[in-house]
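In the two complexes below, chain A is the common chain; its partner is chain B in one and chain C in the other.
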Partner chain A sequence: MMKKYKWLVPTIYILFLMLPIYWLLNMSFKTTTEIINTYSLWPQKFTFENYITIFTDNTWYTGYLNSIYYVVMNTILSVVAALPAAYAFSRYKFLGDKHLFFWLLTNRMAPPAVFALPFFQFYSSINLFDTHVAVALSHCLFNIPLAVWILEGFISAVPKELDETAYVDGYAFWRFFFKIFIPTITAGIGITMFFCFMFSWVELLLAKTLTAVAAKPIAATMTRTVSTSGYELGLLAAAGSLTIIPGAIVIYFVRNYIAKGFALGRV
Partner chain B sequence: MSLELRNVEKKVGQDTHIYSTNLRFEKNTINILLGSTLAGKTTLMQIMAGLDKPTNGEIWFADKNVTGVAVQKRNVSMVYQQFINYPNFSVFDNIASPLKITGINSDQIKKRVGQVSELLKLSEMLDKRPNELSGGQQQRTALARALVKDSGLILLDEPLANLDFKLREELREELPKLFENRECIVVYATTEPSDALLIGGYTATLMEGRVIEYGKTIEVYNKPKNLFSARVFSDPPINISEIKKSGDTFSLLHDSVKWKNSNVDLKDGNYKVGIRPYNITTYKEGNNCIEIKGKVLISELSGSESLIHFRNVNLNWVSLSNGIHQMKVGQEAKLYMNVDEFMYFDQNNNLVNNV
Partner chain C sequence: MNKTINQKAWLFVIPVFILVAFNAVVPLMTVVNYAFQETFGNNVFTWEGTRWFKQILRSDRFHSALGRQFLFTGVILFIQVPLGIAIALTMPKKGIGVSVCLVLMSMPLLIPWNVVGAMWNIIALPEIGLLGHTLNDLGFDYNFTQQTGDAWFTTILMDVWHWTSLVVLLSYAGLRSIQPAYYQAAEIDGANRWAVFRHIELPKMKKVLTIAILLRFMDSFMIYTEPFVLTGGGPGNATAFLSIDLVKMALGQFDLGPAAAMSLIYFFIVLLVCWVFYNLMMRNETQG
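On to the complex of A and B.
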């Protein structure tokens, strides 16, 4: 009896998980009139109009480009800054190393709202307001600590004898670091990039505060519900659907490594 | 060419890891560092390699003071207990890596890697990645990398410890041959006395950060300087008991075992006697055998040998006999000790006489 129905619970679970996403997709293929006026489980009048608008109207698609631009910039910055730091935390002992490591992690706990005002004032005064760099740098606040934390786990899993063997073989430090060490921890770097990408992609408050027009992220564009042409629910649904895609693509590439990250207890 | 440690000392914080040590290894020798874990073998090797700096003292190599010289410039090789290879390189590139750094041309590299991989039976695996190999092959790769360059000092830190028994036996026999006809000093750290005996050469016994004794392996084994050295160089552990001599009469264990022996040149008095487990057997061996009785605590077989742990008065004894001799736990056992192989130590634990 039990065996026959063991598919039931996971199926219900997945159905519930998928429901909001289905509803979003459903809406994105409807016209706004249909969304507001009728209740339908699938589009009565199937339309690509919303998607066409997004890909042709530059106020929409530049939002995506802006987001991708600062997210990629932030991901690279975070990993480049975190790699040497994580290496140092893993390999060397220095005064207060454990406290510093923990303090880094506490930065991850600070709500971004706390920093919105000082960041806004600071970036304005050095003329970085409404630039991609401003958002990318501000997201380092939570992404660098996270990257250091994840990478330290992966680096500590590599025996220090590997470093020593390379030195014995005649490798100077940087040559060893780039030729041997980084290729050894590619899985860790992949995971780290994924998480930096994700957290930067979903962050809204700082991104919205630090931009006006030129670097406005898609999430900011999306959250305006009323425009000159009234409610555009269909359009917003299409934009939302498209926002899910980059995360899904990145997850696909690192899916095999994520389990490893969990096993190390760092993700 | 020789390697010399002069008053080398290593402290980490308040703890002393290596007490002031003087050692001199000559050219073309295999030197074994024998000691249990935490005896300081690895620390000593790291200092020799230049991966770690001594707190005090100097390291001389080929009559040059190399104390502060970086490891990259020392021309040493090292093999670890863990199988350390570069996971992103093929086996060929792993072995070739120390040569590539020096900038030799690629024909030369190919030739030398070919020779070494032939020697270590890796020729078939040169295109594979290290993690596709078995443990034994991974360690062979690490060994090949250590042998491919002409280093003056080859350090092997328990290279066989993580291998299974069969592979270990196999590689252990090959090892000394690999270093024949090479101009180098080999240092081999191990916890196994049997490794030291099989490889031969010279042995330094270590205990708790101190080098107890250094000399020819067979001499250190047969005539250990003191009780500590004898203890380090014995597996299963050596039996130690108080012994009393008056005239020709020796007595052990509160006079419960007594015998006469006129061949031993010792003054009357109290001593400690060290008896290696294989000198206590279930059968008579040698011309001077004495009987010892005890209650069997554990009886175990290892291969074609039998280990019997027994208790006599207030001491636990270990005996090692050839062949299969099983005894019941709790049974009264009768065993024989070969008196001619006893080692006598004075009250300061120094060897006084060894027949």
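On to the complex of A and C.
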């Protein structure tokens, strides 16, 4: 009896998740006038106007490019730096290793609001304010600890015999690392990149604090438009809908790894 | 795994150490600097000792923000953890349904936080939003920009929408790691559904659940962008959680000393709670 209706729970949950997304899409195909004056479950006058505005106005679409630019930069930087470190934490004992690991994790716990103002002053003083590099570097604060944490889990799941056999076969360390080890943990690297991408993509507070014009992320462009030009709901909804797409693409590619990645008890 | 002692491993860790220290040390020292001094600009500082800390710890404003924060985080954990487990238990175990569920459920996690706020703002608007309109049609006097209760309801609903999936994914992964033999043994013993959950599934999920609770605690305790966009901390200060209050103090009023002191107290609370969780987690692990 209970088994028969089991599918209802996830179905209702997914419907609940999709409702606000549907509403956002619905709004994005309406004109702002229609949104404000009428309440309707679907657009009465279907329009692409909002999307056209975004794709033709460069203050809008450069926002997307800026975001993608620093997110990709951060993801690569985090994974490349975290790989050897995660290997070291997993395979070796060294002075202060446990303290260092916990210290890294504490940075994941630092409220970004605490760091917003000092970050602004710090990056201004080293002339990096309003650059993509600044945002990519600042997101390392929470992405590198996370990347090390996840990768360490994946690396520890690889038996040490793999390393030892390679050395016996006469592999030098770096050749072993690139030719054998990295291909063995591609799933782990994929998952790590997914999470770095995710947390860098969704973060706004630091990205907004560290940019003004040249590297302004799309999320910040959106907040500005709301406050200045009245309340352009249609445009806001279209811009919001477009921010869902990169995430959706990334999820599609890593869907098979997600459950596996979580199963290692990391993240 | 037995590890070899190798001090050269530090060379592997150096890039990570430099990158994180670059971001953590200088800004944190800046905060410490402000927390103990008074400044009138032009880089002139006077030593204030613990004055700002005393001021913050005694202020009603901080007490009420902290109270709201704990209440919010408590409610969030109380709803999301059981709900997440329930959904994970009912999810399909094989077939196309798994992919569909995983992809659709992960969606809210990958939407920029201010878009989440904006999205819920749009859906909750009393006149033109789906939620607001429906609730008013049903006879509720709903307006989240003016009534405290409604603002809380909307903020909590938004967070449940946004983050329950994380608990679901983690619990689901935990459930998947259970060998079928356990279930067969339970069936032979004639265990009922509750006993299976209590004695097989729950212990197996313990580790992932600890991580889920830890992550949900950290992130809900640091929540800023979503409620800021949704309610702006209002009506009044009804949904001004710690981060919102802090940013208001630091950037709005430019009270740098008290804001810095508050930052340190805030960070300390997060660290303390996480440290306790972390140790509990490790202790459970060694007990097996």
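The rule is simple: the second predicted complex is superposed on the first by the 252 of 267 C-alpha atoms of A that agree within 3 Å, B and C clash if a C-alpha of one lies under 4 Å from a C-alpha of the other, contacts with A are read in each partner's own complex, and residues count from 1 in each chain.
Here, a contact is a pair of C-beta atoms (placed from the backbone, for glycine too) under 8 Å apart; a residue touches a chain by one contact, two chains touch by 3 or more.
Please read these numbers as outputs of a predicted model, since none were measured by experiment.
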Combined model on chain A: chain C and chain B, fit or clash: fit
Contacts of A:184 with chain B and chain C, given as first, second, both or neither: first
Partner chain(s) touched by A:168 [first = chain B, second = chain C, both, neither]: first
Angle, in degrees and to the nearest 10, that opens at chain A between the C-alpha centres of chain B and chain C: 90
Comparison of chain B and chain C by chain A residues contacted: C
Partner chain in contact with A:46 - chain B first, chain C second, else both or neither: neither
Which of chain B and chain C A:112 touches, first, second, both or neither: second
Partner chain(s) touched by A:233 [first = chain B, second = chain C, both, neither]: second
CA minimum distance (chain B, chain C), superposed complexes, angstrom: 9
Complex contacts: residues of chain C adjacent to chain A: 1, 3-10, 12-13, 15-17, 19-20, 22-24, 26-28, 30-31, 86-87, 90-92, 98-99, 101-115, 118-120, 122-123, 127-130, 133, 161, 164-165, 168-170, 172-174, 176-177, 193, 207-208, 211, 215, 218, 221-222, 224-225, 229, 242-244, 246-247, 250-251, 256, 259, 263-264, 266-267, 270-271, 274, 278
Complex contacts: residues of chain B adjacent to chain A: 46, 49, 51, 70-72, 76-78, 80, 82, 84, 86-89, 97-98, 101-102, 142, 145
Of all residues in chain A, those that touch chain B in their complex: 159, 161-162, 164-172, 180, 183-184
Residues of chain A defined as touching chain C within the complex: 2, 6-10, 13-14, 16-21, 23-24, 27, 35-36, 38-39, 41, 77, 80-82, 84-85, 87-95, 97, 100, 102, 104-119, 121-122, 137-138, 140-141, 144-145, 148, 156, 160, 198, 201-205, 218-219, 222-223, 226, 233, 236-237, 240, 243-244, 246-248, 250-252, 255-256, 258-263, 265-267
